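Pasting the structures here.
Look for chain A in each of the two complexes below; its partner is chain B in the first and chain C in the second.
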Partner chain A sequence: MKRLLLLMLFLSWPLGAVQAEESLQQKIDALPEGAVIELEAGVYNEAITIKKPLTINGADGAVFRVEGEKPAISIENTENVAIRNVQIEQGDTALLIQDSSNVTVERLRIIGADQAASVHRSKKLVLRELSIEGPDGHYSDKGNGIALYKSEDIEVSDNEIRNVRDGIYIEHAKGLRASGNSIQDSRYGVHLMYSEQVQITGNHFSGNVTGVMLMMSNDSRIHSNIIEEHIMPNASGLVLYDADTIEVTDNSITSNALGLSLQKTGGSTVAGNRFFGNQIGMEFINSAETNKTKGNEFTGNIIQLRSDARGGQIAGNYYDDAALLDLDEDGYGDTPYTAMQSYGQWMVREPVYQYFTEAPAVVLLNEMDREMNRLTSLVLIDNSPLMEAPSDLQTSASVSLWRLVLGAAVMAFAAFIWRKESAG
Partner chain B sequence: MQLVGLLFVFVFAAVMTIQQLAVPPSAGFSRQAAAMFNVQLFLLPLFLLTIGSMNIAGDAESGWLQLLKTYPMKMSRYIAGKYLALATAFLLIVLLALGAVLLLSGIAGPLAGMGVYFMSSMLLIFIFAALALLIGAIAKNRLHALALSLVFWAAWLLLIPYGLMALGTYLAGHLVKTFIIMNIHVNPVEWVRFCFFLATGNGDALGPAFYGLTSFYTSPGGMLLAVLVTAAWIILPLASAAFVLKRRKRQT
Partner chain C sequence: MKKIALIIAAVIGLAGCGETDLTPRAIQAETDVCAVCNMSITYEEFAGQLIEQDGDHFVFDDLGCLIEHINGMDQTELGAAFIKDAVTDEWLNIERAAYVYAKDEWTPMAYHVLAFEDEQAAEEWLDSGREGELLTLEDLYGFDWGNHH
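Right, the complex of A and B next:
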């Protein structure tokens, strides 16, 4: 009997120890395909790899805190995986998805990761409601928010990304839909390379070096985004470089150093956008000839449009600085609008001229230039400028009592002193 | 002087109200900010230089200065008095104009950066009042003072920038940049304009080529240098004006 008891103790002791120390990875490995893990709140100091269909639902307070270079969560060579509601604190790569399909990642909070989410050779992905805060430091020293390589059919929506190199980096991707994202204080909001059939819709980009940088891509649409306050040196709201058949429509491009730059871009359409309060509204570099610019509103930009070349298809846009008559009342000005000034052209050719932006000498020059350029065709001319802005943007002229009173008081004080001194 | 004041108030308030109604305020260096600042840059130096210089030259032309020289009064005190009077008069004009803009903004909508406009006006007044007195001291008579004032005003505001832009068509960009940086320090209009960009945090609007310069002038050492350069633009013309008048006193 005593021997039997000892034997049972011997057999049960190691088994108990294994169960107590079973890692999350071991649990995952032990589960059948399609299982659902309800992850309890707590800190998990281990990296996991998922190689089978699986769902992980984190409770509030479920945190992966992982050290080393191994991604906190890896999804590899699988399909039908979903991960929801966890926080990842990882210095290197937080989430890695490779060679997988039908993957949904929702409500993840990723803090301080060099590379928040990296996707390679995957398709049918949803990355939704991620909150990504990159580490401190210069853009060149850190990675991207969401990076997508050679992947297709991807939804990236309603994410909040800040302080990373590129908010969403896309390379050799196809069929991406980025919508409802907010990307701030990064190098590029969206950086698109060698991609096609991409839709960037309803996002908010602000305070980046460039809101959207689209390079060597085609057949894509940038629609209804708010692109504002990109005002660092070399900053731009939206840059299309070496691109083809891109639609830029109905975006609000506000308070940027340069609103939209088309560089070596052809066959594209810029329509229905609102360029408001930018230092330079829009520029064409090697792009003036084959793109259509129509139905846009240029309001309060210091330089509305500029180009390094002659011509350009601009028609039916609204310019707040146009002095127009519409005697036939067709809604279009009877005389053309000269949309480019010599100074703007010089700025494109020699960036150092930007120093003279809106200097008194340039203001006079522009006025003379506008009068003289009416007679020449070597500039960007809109032959049918809109008489009224497409949008109904107007100043909110609310009466402010304190400004009225303070203004009157300041005037009265100055006038009193003036009269007193004059009398003396 | 009253007419000048009224003209300045009218133009300043009108431009601002038109810009305010046409373009709502936006972040960064906007056309609204540029319009308001350009009114200051065009008008204040013009009025200050012409009125200030003609005042001193008028004293000499009318014999009033000769009379004053019979009193035991130093020329530096005479210059200081003239400087304070001129600066105070224009400060009142600016105050009146900003009051009018504030009043109108109560109806037309808020205007950002009123404090900066007041500061830039003060900078213009303190620098150009000093320069006006120097021009007046150099001038032989009021007409001469008027002509000199207009020449300097046109050169600083328009001719030198046009010259630099023209040079840029022949010279490499880095050379033009060097000339522009020199011009910022030797041209009072450009110096005030540069200070305005720094004070409003819009140094980036000058372009990436000037990133190094704006970065330097926003550092503590740069700010100290900016204060010294500004002080030099005030003190040197005043000292020179006193020196010129003193020399003329000895000659007579």
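Right, the complex of A and C next:
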């Protein structure tokens, strides 16, 4: 009996060790190029490296839980890789892509990673529908959400990022399209450095130190974004620093400490934006002369515009504090709007002056400015201020159409009743 | 007695008007922004700092920004300037530090210049397998920062 038991023990115990389950990395290494892995639900406690064309489709509940500094998923020196629908729990770098092309990463959930996704020297990438939640703590103690270095032709879309240093950090990149992303509670929503041909469209930035920080970059467009509630110390909705040929168009810039700051920026256009309820709508620092500011709406800002310089091209904007007449009914005020006041200028140099914005002496100074500036052409003046806000015009047009349809319907109904009654 | 008290108070008051404290202060990540590029200073290991003769402090996120500021200011107002040591993370007076331009080393504004306690420390860092060019402070004042991105 004892011999039988010993025999059974001998057969069963070592068998498990000999036939130990193959690791995921071993499976990947054994697969041919272009293979598809359907990853089952479960927790994978190993980091993997992909160096050949491959697709990984995770089932709901597929989780990489990896300790140590090695990235949970690395994609290196390869092409045609796709990873979909996995969750990564990693304290260091969750996803690393290096020297690769044609890589698609979709529906990843990354929790608590110091650096969620880091991309180096790669091209033709899609990073879509990622959900990134950074670790607890101050933003200076953690890494970025999606960081792109020396890469090109990249789509970053429909991602939810919060609680990181910079939501999307871009350095020396070209041909980036960032759209439909929501980035909150971080240092910068998008941080661009030395990049070109970047499109930032239809994103939502809120509660960061700065929504979009664009530095030393050119030939790019920031269009139709919602940039709101950036009210921390030194906060801004949008900052362009040392930038050239940037289009800032049709954005909603609302409830920020400073809506838009142009610093050492030239050849750029700011058009069709709505500045609403900011402490300061827009400022120019070493930037006033070569940029065009037109068709914007400044409503409910404590200071509409300010500048550290004289001159500049502002024309055809709407200002809710403008006292204007339009006798020729061309839609533009007959008198210029003084968009910059001495006090606004001083505030650029000494931000603490903002605490005295509505002091009686400052109000008096602003009024004197308004009167004096009518006599000079040297200050930042809009010679053709709009009488109505562009958004009001759109709204009134749609309301009128609605009323027209309703009125026509009522008229038709009344005519029908009248004819019916007449016939009777 | 009143006179003595007044004299003591005056002496204490005048003592407070003595030499400006030219020692660096700690970086406040929550509120400090670079005086040149306005970026918040979240990578303290690359931070710079300048104290004017009147005691005003200015902080910078990258050595390149610090040098740009010095180049553009009235030199008679410069009290002292400091930069973080790339090895020890301690403040170094820029006049006593040595520098290395290393294009593969990341810095917040991509100026790629690191500071070391002295030339020997810089050479030791280079000997550890890094590539770079040894620079002096005078080199930095004339450095073409814009072309080293």
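We adopt the following convention: the second predicted complex is superposed on the first by the 368 of 424 C-alpha atoms of A that agree within 3 Å, B and C clash if a C-alpha of one lies under 4 Å from a C-alpha of the other, contacts with A are read in each partner's own complex, and residues count from 1 in each chain.
Everything below uses one rule, namely that a contact is a pair of C-beta atoms (placed from the backbone, for glycine too) under 8 Å apart; a residue touches a chain by one contact, two chains touch by 3 or more.
No experiment lies behind these values; they were computed from the predicted model shown.
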item	value
Touched partner set for A:N234, first chain B, second chain C, both or neither	both
Greater chain A contact set [chain C / chain B]	B
Chain B versus chain C as contact partner of A:G267, first or second or both or neither	neither
First (chain B), second (chain C), both or neither touched by A:V209	second
Chain B versus chain C as contact partner of A:G331, first or second or both or neither	neither
Partner chain(s) touched by A:S140 [first = chain B, second = chain C, both, neither]	second
Which of chain B and chain C A:E171 touches, first, second, both or neither	second
Touched partner set for A:Y194, first chain B, second chain C, both or neither	second
Overlap of chain C and chain B interfaces on chain A (superposed complexes)	233-234
Touch list for chain C against partner chain A, complex	29-31, 33, 37-44, 109-110, 149
Of chain A, residues touching chain B in the complex	228-229, 231-235, 254-257, 276-277, 279, 299-302, 320, 346, 350-365, 393, 395-415, 417-418, 421-422
Chain B - residues contacting chain A, complex	2, 5, 20-24, 26-32, 34, 38, 41-42, 88-89, 92-93, 95-96, 98-110, 157-158, 161-162, 164-165, 168, 173-174, 176-177, 180, 189, 193, 202, 204-211
Chain C partner contacts - residues on chain A that touch it in the complex	138-140, 165, 171-172, 187, 193-194, 209, 213, 215-216, 233-234, 239, 241-242, 261, 263
